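Each of the two complexes below includes subunit A, the first together with subunit B, the second together with subunit C.
After this line comes the complex of A and B, so read on.
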């Protein structure tokens, strides 16, 4: 018995460091940020002045905040649609048994693993009017030019597509993993019955992907809701604050105009929204403990 | 069999188009970094450089001012990334081993709660972490960044390496234990080397996370001599006259190490993510 106790205690030593780290870097700040949202904090000072709900009153009365909520919803929904639909087709292509398919799969993952900062600053150059490659292509094909990052109409679709291009490989990988669990016999039987590609997709592939699609939808939604680098490094929130999503607004409020308390309040409001989404997901779609 | 041939052709066309869309910007960045300014400000000059030059790289690396010292920034990034790799590999291999070999109360939930941090709103963290580091005197230090990056990388790495440990039969450890080796010796001398591919994958992942991170670095670092490469690159775009040549050269120098490190472990990485996706 004595030995057992010792083993029981020792096994917690293995996982202590990682959970301590998660506690310090993720859990403690969670409570700290809510606390900060009730204070007026000056940059560089460690203590703030308690002001109750004033920060919340202030941000809720700001048109800029509501515009930001609006931008966040548009940004997240557009990204969600693109990043759910396209990976399905990419995954079907990558699910073929071909020579060198492993190399092709690795290559398709490249945008996901390459640092955002390098892609974003180079993309700014590629998207420039007059001198950029994309406008050169437009000039030669449809004879017109677009100020991709400079106009309010074009900025959201442009950055959504750029960000989706970068994140898409991950979703593709998730769907690919689900595709590989679908037995090939199902497709063969369908082909014998004369089902074409679309029929196979709608009656076999799509229904069997169900669970992973919901999981991916949840991940994609959260990641895009939280997206910062893609937006900040290309447009800093866009022409006329059109791309100033909540994370961008928090960053700017806290570290550009140095009102940490207000930033904390905005971050808290945004996170409440995410928590609701998360709870909904786990209530409705989380895998049940059957396996 | 005509439909099979058509199918093969369609798949091949699909793959070529896919690779083109996915890789075009990266390849274009790489190729354009060798173009002189006159070609960089006029895309009509074509895809390939007419007069290839190294001047963008030379300007970036040799024209140095205290606020624009790219070699130093690369060195800082290397320091932070290697620190992150060391700490991540240490923490996640120990935790992954524990999770693979012992049962914990609520074991499944334990791992899930660890991965929960990947849906955590990072923007929620920046203000409290800034204040915490202010109090701990970790602002503007590389150690502070290493701690954050390790926290970002370690949960996924723990989960990945744990699946590698599970494939190592416990009998090997039991045999060593009969031969009188203690737990520490068994872990470091026997189990860890057997999980070599896993360690490598985990190390590369941690490196990639730390090497390219921008947001935390931009908040936590203040003095220009401490800047990491992503921060240095982003400040190039803030100058009044953006020098596109050095900008592209800097992008390539940030992208290239990631690609070189990624390909050897890509298979393990893909297998790890896909295996986990099915489990979920």
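After this line comes the complex of A and C, so read on.
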């Protein structure tokens, strides 16, 4: 068979800009970070001293690094569960034919539209003990107060819920659009066969949403593993180091004490870790073709 | 198709590698070029420079010189104060245009370093000693001894405000304003719970009053002291260290953090911390100010800057300040955060820029202008660094300064003994202080002590070892 090289060349030429862009904005910085992790770079001086794997030895020997790994895993897993389950149920509700549903659907988008910095600062004030509105409500209803951001036990759930609330509209809309592609006839047939809402969800909705939930799961995993703004703007990684996830540790190391090499080493380890998790996710949870 | 895609990826990766190595080669070539150029500059250009400078001055006087500076005061009213000063300056010096650029404090270090690496940035920058040290270590600033001496003769700098920038027989920053912490309190709460409007005079009273004022049922607490790993906690904790005479370094720059005086100070901090509102382990400046304004906190070791909000938002003068209490075996002490202006090397190379910068700084230190950049910008937040402005009628006639006159007088008195961590000796003793502050070591010592993660002794020992990691004593 004769291959039309001219046509093939043109195809590759068309997609070349996007590959070039990926090369410049992703691959080049990635190599730079990996390269920097082998140097002792102080105070922004680009001419660091080559120290081989010393930065890696140092970070692996630090209890703080392992604490950060632990915090990252807890943060990511909690976020993953919340950001997959709640949007699914919200989407199912929004998929109902109710009065004013279009207005409600638009309203759900609000947290996604408002900038994180504005939300985080408002949230910090609203969660304050004594003068924050949430504690005022708690005080007047159940007579107790919670130090949402100041307590080691409450900080992770509080920030996870806040961050999930901010990101929820994305998942909700994605699942909602998938729900709208499920033919109504399937539900009608199920209802004729006597299936209740729960059975319809288990046997029709959930299997047909499988691919989109799997895809969303991957996005949520990556986004939350790399989440920085919600944590930094609310607690700066505290109280103590309870919310000092790997991105927060990278920022502190690179831009607070200017140990860029150590920051790069932590970032590299984080990236490798994420790639491994990503590969495992694809390998273990990817929907089978016949699904 | 698959094969072709693989080839494309290989091409992109190898192009990226080529770019990296080309960048490296280019950098090396540039370095050689730069050193050669510098040598030439130093020999030939030095001679030419002197004569050329006069010519440049003449032409520059006719041409408009555009200056750009960075500062870090983002609130709208602070930016407006800067704009007011710039307008007045440009009116008087129509051939100099000045542009302010706000760089948030959180970005100040990375952006400064990036600008220095790029070899181009603002002509000068408003900054604090730690940031000046960063620029100094990168060999990016010029000495300003002549201007400091000239302004000192004219307006008389407070000694402590000037000395902090003296190193290697030169001044590297020009004092422009200063900040000071003190004991701030709400008189009505003291009266209600202690039966007096007089603030505590020593640590024993401080602790006693804090306990008396703590009334969780009514949402009132004795103190507001931070426990988070942030700069505010560092600042507040340092006040207690000054009261016992504890320091980070000795005069030779050796770390001496782990000593009985530090332990005494941190123990007091931890004892007082019990009378904080819940959640203070995560507090920053905003939380302290909001709670003070809501009259939920009786006392705080803090900047007296909340006076502006009491005046403007509450129209109340139920807010006052006093010298910070100290133990019977201790000494008066508190924290000052002097602010300065430093000038970059590249400013010298741009015709007319250095002269224009000097002119602008001279203008800023005129008492009537320095009043705008201090009191108008943030009453109680920024105080003048010179005796001349401190005595200026404009300063004391300001409606907020005069409303909280006693508090502001105490604040200015406190400047006589106030110090800043790492800069207590009138000279630079340890160049690692910027990193120690950046790493929030003192704040983390406090956090470990107040959360019970460690005993005070263990936390102080831990802090000492951390400081050793960053320590760079000046030889």
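In this text, the second predicted complex is superposed on the first by the 251 of 291 C-alpha atoms of A that agree within 3 Å, B and C clash if a C-alpha of one lies under 4 Å from a C-alpha of the other, contacts with A are read in each partner's own complex, and residues count from 1 in each chain.
Convention: a contact is a pair of C-beta atoms (placed from the backbone, for glycine too) under 8 Å apart; a residue touches a chain by one contact, two chains touch by 3 or more.
On a predicted model such as this, the values are computed, not experimentally measured, just so you know.
Enquirer: Record, for the superposition on subunit A, whether partners subunit B and subunit C clash or fit.
Expert: clash
Enquirer: In the superposed arrangement, which partner chain does A:28 touch: subunit B (first), subunit C (second), both, or neither?
Expert: A:28 contacts both subunit B and subunit C.
Enquirer: Taking the superposition on A as described, I'd like to know which of subunit B and subunit C A:155 touches: first, second, both or neither.
Expert: The answer is second: A:155 touches subunit C but not subunit B.
Enquirer: Could you figure out whether subunit B or subunit C reaches more residues of subunit A?
Expert: B
Enquirer: Between subunit B (first) and subunit C (second), which, if any, makes contact with A:36: first, second, both or neither?
Expert: The first partner, subunit B, only.
Enquirer: Where does A:284 make contact in the superposed view: on subunit B (first), on subunit C (second), on both, or on neither?
Expert: It touches nothing on subunit B or subunit C.
Enquirer: Kindly classify A:255 by the partners it touches after superposition: subunit B alone (first), subunit C alone (second), both, or neither?
Expert: In the superposition, A:255 touches subunit B and subunit C alike.
Enquirer: Which partner does A:131 contact after superposing on A: first (subunit B), second (subunit C), both, neither?
Expert: Both: A:131 reaches subunit B and subunit C.
Enquirer: Is A:142 contacted by the first partner subunit B, the second partner subunit C, both or neither?
Expert: Touch partners of A:142: none, neither subunit B nor subunit C.
Enquirer: Tell me the contact category for A:239 with respect to subunit B and subunit C: first, second, both or neither.
Expert: second
Enquirer: Select, from 9-17, 63-71, 171-179 or 189-197, the region of subunit B that bumps into subunit C once both structures are placed on the shared chain.
Expert: Superposition on chain A puts subunit C right on top of 63-71.
Enquirer: On subunit A, what residues does subunit B touch that subunit C touches as well?
Expert: 12, 19, 22, 24, 28, 32, 44, 46, 121, 124-125, 131, 255
Enquirer: Mind pulling up the subunit A residues that touch subunit C in the complex?
Expert: Its residues touching subunit C are 8, 12, 16, 19-20, 22-24, 27-28, 31-32, 35, 43-46, 121, 124-125, 128-131, 145, 147-152, 155, 235-241, 252, 255-258.
Enquirer: Touching subunit A in the complex: which residues of subunit B?
Expert: 11, 14-15, 18-19, 21-23, 25-26, 28-29, 40-44, 91-92, 94-95, 97-99, 102, 104, 108, 110, 114, 117-132, 134-135, 147-148, 150-151, 154-155, 158, 208, 211-215, 218-219, 230, 233-234, 236-237, 242, 244, 247-248, 250-252, 254-255, 258-259, 262-263, 266-267, 269-270, 273-275, 277-278, 280
Enquirer: What does subunit A use to touch subunit B in their complex?
Expert: Listed in rising order, the residues of subunit A that touch subunit B are 11-15, 17-19, 21-22, 24-26, 28-30, 32-33, 36, 41, 44, 46, 90, 93-94, 96, 98, 102, 104-111, 113-119, 121-126, 131-133, 135-136, 165, 169-170, 173-174, 176-178, 180-181, 212, 215, 218-219, 222-223, 225-226, 228-229, 232-233, 246-247, 250-251, 254-255, 260, 263-264, 267-268, 270-271, 274, 278, 287, 289.
Enquirer: Quick check: in the complex, which residue numbers of subunit C touch subunit A?
Expert: 4, 8-9, 12-13, 15-17, 19-20, 27, 109-110, 113-114, 116-117, 134, 137-138, 219, 221, 227-230, 277-284, 286-287, 290-291, 294, 296, 435, 438-440, 447-448, 451, 453, 470
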